Amino acid sequence: MSDRKRVTGPEKSVAPLLETGSVPAFIFNPDRRHDGRDVNHLRPVFMKSGVVRQANGSAYLEAGKLKVACAVYGPRQNQRTKISATKGSLGCDFKFSPFSGGRRRSYMKDEQEREYSLVLEQALSPAVRLDLIPKSTVDIFVQVLESDGSAACLAAAITCASLALADAGIEMLDAVAACSAGYFESTVCLDPTGEEEAHEGGSLVLSYMPSLNEVTHVIQSGETSTATTVKALELCVDACSQIHAVMQQSLIANV
Amino acid sequence: MALAGQSQPNAARKILIPGDRIPLVPDAAHQSKEGPLKVRVGPGLQQEQGDLVAVKAGVLKQAGGSKYWMDGSQKRYVPAASDPVLGTVTARQGESFRVDIGSAHPAALSILAFEGATRRNRPNLDVGSLVYCRLSVANKDMEPELECVDPATGKAGGYGELKGGFVVKCSLRMARGYVNACSPWNRRLVLITLNYSLLNPKNPIVTILAESISFELAVGLNGRVWINAKSCAEVIAVAKVIQACDGAAASDINKLINHELRRLEDAMDTS
Amino acid sequence: MAPAAAAAAPTPAGNGTSVSAMAVDGDVAAAASQGFSLDPDTFQKIHPAEFHRRFLSQGVRADGRPLQKFRKAKISLGPVSTANGSAMVRLGDTTIICGVKAEVAEPKPAAPRSGFIVPNLDLPPLCSPNYRPGPPSELAQTVSEYMDQVIKSCDLVNPETLCIEPGHAVWVLYVDIVCLNHGGNVVDAAMIALAAALKHTRLPQATYYETESTVRVTDTFTIPLSVKRTLVPVTFGVFDAAVVIADPTAEEEAHLSTTLTYVLDAENGEAAYGVLKSGGSAVPRDMLVACWDDARKRAVDVVAALAEAEQAGNRRPDVAAV
Amino acid sequence: MSKDVPPSINEKAFLLSALISRQRLDSRSPHDIRTTRILLGPQPGHAEVRLGKTRVTANVSCEIVRPRANAPTEGALLFTTDFSPMASPAFGDGPGGGGGSGGDEILIARVLERALRGSRAVDTEGLCIVAGEKVWQIKVDVRVIDHEGNIVDCACIAAVAALMHFKRPDVTVLGEDVTIHSTSERNPIPLTLHHVPICVTFAFFNQGMLQVVDPNLLEEQCAEGDMTFVVNRHGDVCTLSKAGGVAVEAGQVIHCARIAAAKAEEVTDMIKAALEKAAVKEPKVAIV
Amino acid sequence: MSARIRSDQRKLPSEMRPFYCSSALLSRSDGSVRFKSGDSSVLCSVFGPMEVKIRDEKLDKATVEVVFKAAAGNSTTKERLYERVIRETLEASILTALHPRSAIRITLQVLTDDGGILSTALNAATLALVDAGIALRSLPAGVTCMIDQEGVLLLDPTILELEAARSTHMFVFDNISDGALSNISTGSFSMDEYTSCYDTCFSAVAAVQQLFRSSVEGKVRREHGPEADA
């Protein structure tokens, strides 16, 4: 059934196919990635807090082509049915803009967006002092403007949301920084782009509180050896500390 | 530039539509010596500076020199204090009944607002019972409240549960016509003369009908009329007359009543 | 009784000095004379309409602008490389991003050569506390619809130029406009973004293969859209049915008696493609004409901002990410 | 949302005692349908039907679409039913919603589908333009605008009358090319209806012993059960549905079927009369 | 210029189609009106003041709900825009403060559409509010006009005429204020064309207002009998 609450076009439309052979085959080179980075280098990351005027807290993150905005509203009255008398809750909403990826996204939330909303909540909840805001909720809205690697997008969303929470003055044990890594055989490649992601064997996203040296969330997909995973975790922990530094700077800049 | 749609002076009009302005001409008899003109403005009118402004359609009425109101018709009932109304019990909530009287908000009828009611001696009303009551509280910001007892005497005075019979709906204007050809200011008077066996003797429909059929009537100003008579056929006949006369021209009323009475006689003869 | 002058002349916010005392009405004014004073933030929260009224009566607005001053439109083209065309527009706090994605569809039998342009404004819960997750709000739906009617009725892009193969394949341009920061006057920002993004849109070279009935495209976006005109939306707010203010902020919008939007031609302010005034207080003919005159001046500024954006950097995507 | 307040105990009791003495409150006999008025036009395929105070409009429109793969030569016939919030305060929902009591809306659309599509009343084969490529899709939008009981019968009369009044534009096919002729070029073409199915609903009272045809709102609210027949004037039963409610004897069902057939004939004649009346008013278009 | 004959046999560009209305036709609603302008016909019903959904409840005034339904098909964003314009126009006229925490529900059903459907719907809604006895500050009335490819202004165009429109304009005026309550204009037009559309619609609204008055007077006379004019 067509969407009655939006301006509608034709009933069905598809993304056009590429002419065969018009794109050169992708070859992964651990010494020199296609954007010139090293395997253990992040994309240069830029962050700014306080970008949404009417929100209690907000942040914008840009890393290469990847662009994510986040706003935090609350603590406010919990409108959901499940209310805890002792703890507050985080309501997370992760959305890709329709034009943010290669394929046009639908307006309805898809499986991936639902999953990422959940991961966002799981990764941030341990850091937020929910015990101080019983019966209330803090709503976190993440909007991806341009995506370049879905794991990287998720990591960026967690980092950005954490910065927005700090901007909103929500009490936290520590800021949460997140970082992604991709597996190419035994090589671990930090912060893979969309093109790299299409060819990787698996990926890992780590959410980490650098000052406390505690991990809040890890999610891995694909099969690797334990040693490779450990290597990826180590790389990500280091990268998270770098991200944390950028977060601090942007918070100071906004004071 | 003239305002759109204003071609005739309003002062001469009796039938007004919303937006019509009537300048108040100072009337020597009713102007108090020192202050400005004192006017009481009733339903359908507002006072702006020196003018009366209609907000509803109808006929401009004046009484006692300084009271003005609009006599119009509508179907939806808006509660007004001391109106007699006919309601259906929709729920029982602790110390009160919830009663549908056709207004925006359901009304509350306290279990103590009955003749001789105490906490021990509660009236027993089921959901779906019909009650004839009087509005004790009617305010746009409050839930309407009902009572089935005259607070002055403590007696039911005709109010309370109605058993048997049937209910028809009619326009608010017609309901008021049964009660009295009254202005909104003398509803109090109405209450004294009205209960469901004492009828307004002036109402032509009721008087003509009563010559042929004996029946009981309880009229709610919320546009509901309860009818009871010896036989179903008689109740149906009265109900049909009330519905047929609603909105009909006064000259046709006799004809409508006679038509229904004839039909009733035929039915009686065949059975 | 303390005169209304107890309210100190309002000082535009942002220049550092605080407003000493602002009285609300007789009672509070009396209280103020007894040494009770309200700080401007509290005053704004308690009596927002009166707060704005005080400012406007002094010919200035809460954010320091004169009544007829518009916020500068800051436009950047091509912020989203995954889109065929994109633009970001800032009007004060209001930030809106518009991305155009091209897809392929079968044309309607009645119009076998006509493509589609599908504009939709999204006001996500991110941009303001007034929106909740779920289907689009009434404002989003109605602004989308109005934009659609305007671009169709003024023939902004001839739909036949979107034809790939008559009767079989045409382009559908999904124009999605996302508000990231709601600082008032979303309509202007959204339409400027739409106009800029469509001008910036490039389509790939497309070929229809009849045997497999599919469309295949090159990996570069090279073909510009033939956009016939540049639309400039200009919105005014009317306060207390009498005071006209240009380009209202979100705080002002909540207390306006009506708003008035003109869609003018960027090249020729004499020509318009739309006017929208939905209910509220009546606007007399001379006010409608006077606002149109002011709107023309604004159109010139917006055109300059667009030109600036076009020069500033054509960060045009050249690789189709499929 | 506000629901209809159910009738009072007094009203229910009175209705039943009146029915037992074979009297209906609107002076009908148990097997009378209410006064029916059928208005057609001004545009083809537009009908407004009043059954007593119940009022339903039906609007027929057509569009060229691709046929379903498993029926390449068959046109499409779609029904949508909408309970407008104007029909009853109980049907309310905010702007943009699809009407009131969703379940009933679908139920009525199903009855109409079974009556008109299931019984092959409308010739869908005749709606084919180019086999496998282009067929006519006929859409019937039924809107309930005043609910005083027995929506389903009223909706069925409206849908049938609108379909019989409707005319689609003429088309010429030359190979793959299809030309649609405007009404000023060529006279439009009416749909072919093989027979005229009519819906007749009964309500049961007093443990199923009493039945009335075409119940009004109060009767509907007080009824113990109901049964809907779809029959044509030849007495062919197209659909029979009895969804729950009180059990009735098989003999009752047969009795009702006979009454329904008589009512169907009555209603069919009324539709025919309305069509003839509308045809007189219609301007004749000459073939240029 | 030769005498233009309009698509529906009207002689003049500034001629309106015959319009009329009938009220109180629906049995369930508190007020109802059918407003016809040529072959455009809209039915409007008003319920209220009635119970309001808790999420729409306003503590200081009534909530005005407008539902607009096209003749065929599901409602889309177009109906939503119509709903908003009609609601915002009527909200300014209805004395909503008289009925806090309640709803005034206006439902519009297009019966047949032959152009100018928004203004026809608005006129039906205004009269239905009067029929329902809702207190109103003023009576808003709408008129549609268009400018064709040759620059000729046509008042109250039909669907056929609208297909050839260069611009279309819908204006709403009421009987107390000297200005436009609502205006939707689309297409391509100059300032001069716009102001002449304003002026044409402004004068045309007087005829609609006259119909409002005569229809209300007729209804009141019927109900009151001879005493109405006494």
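Per-chain numbering from 1; labels A, B, C, D and E assigned in written order.
By definition in this document, a contact is a pair of C-beta atoms (placed from the backbone, for glycine too) under 8 Å apart; a residue touches a chain by one contact, two chains touch by 3 or more.
Since the model is a prediction, treat every value here as computed from it, not as a measurement.
Peer 1: Treat touching chains as neighbours and tell me the shortest step distance from chain A to chain C.
Peer 2: 1
Peer 1: Starting at chain B, how many touch steps does it take at minimum to reach chain C?
Peer 2: The distance in steps between these two chains is 2.
Peer 1: Quick check for the class: compute each chain's Cα centroid; which one is farthest from the centroid of chain B?
Peer 2: Farthest chain from chain B, going by C-alpha centroids: A.
Peer 1: Can you name the chain that lies farthest from chain E, using the mean of each chain's Cα atoms as its centre?
Peer 2: A
Peer 1: Averaging the CA atoms per chain, pick out the one whose centre lands closest to the mean of every protein CA shown.
Peer 2: E
Peer 1: Quick check: which two chains are joined by the most contacting C-beta pairs?
Peer 2: After tallying contacts for each pair, the winner is A-C.
Peer 1: For chain B and chain E, what's the span in angstrom between their mean Cα positions?
Peer 2: Distance between chain centres: 32 Å.
Peer 1: Suppose each chain is reduced to the average of its Cα coordinates; what separation in Å results between chain C and chain E?
Peer 2: 28
Peer 1: Can you work out the whole-Å distance between the CA centroids of chain C and chain D?
Peer 2: 47
Peer 1: Quick one: chain A and chain B, Cα centre-to-centre, how many Å?
Peer 2: 66
Peer 1: Where in chain E do residues touch at least two different other chains?
Peer 2: Residues 47, 50-51, 74-77, 80, 83, 173-174, 177-178, 202 of chain E touch two or more partner chains.
Peer 1: At least two partner chains per residue is the criterion; list those residues in chain B.
Peer 2: Residues of chain B touching two or more partner chains: there are none.
Peer 1: What are the residues of chain C that contact at least two other chains?
Peer 2: Counting only residues that touch two or more other chains, chain C contributes 138, 141, 144-145, 148.
Peer 1: For chain C, which residues are in contact with chain D within the complex?
Peer 2: My answer: residues 109-110, 138.
Peer 1: Going by the contact rule set out above, which residues of chain E touch chain B in the complex?
Peer 2: Chain E reaches chain B through residues 24, 30-31, 47-52, 93, 95, 98-103, 130, 132-139, 141, 173-178, 202-203, 205-206, 208-210, 212-213, 216-217, 219-225, 227-230.
Peer 1: Once bound in the complex, which stretches of chain E touch chain A?
Peer 2: Checking each residue of chain E against chain A gives 74-77, 80.
Peer 1: Note which residues of chain C are touching chain A in the complex, please.
Peer 2: Residue positions touching the partner: 79-83, 86, 93, 95, 97, 99-108, 116-120, 122, 124-129, 133, 135-136, 141, 144-145, 147-148, 172, 174, 176, 178, 180-183, 204, 206-207, 214-219, 250, 320-322.
Peer 1: Which bits of chain A are touching chain E when the two form their complex?
Peer 2: Within the complex, chain A touches chain E at residues 2, 4-8.
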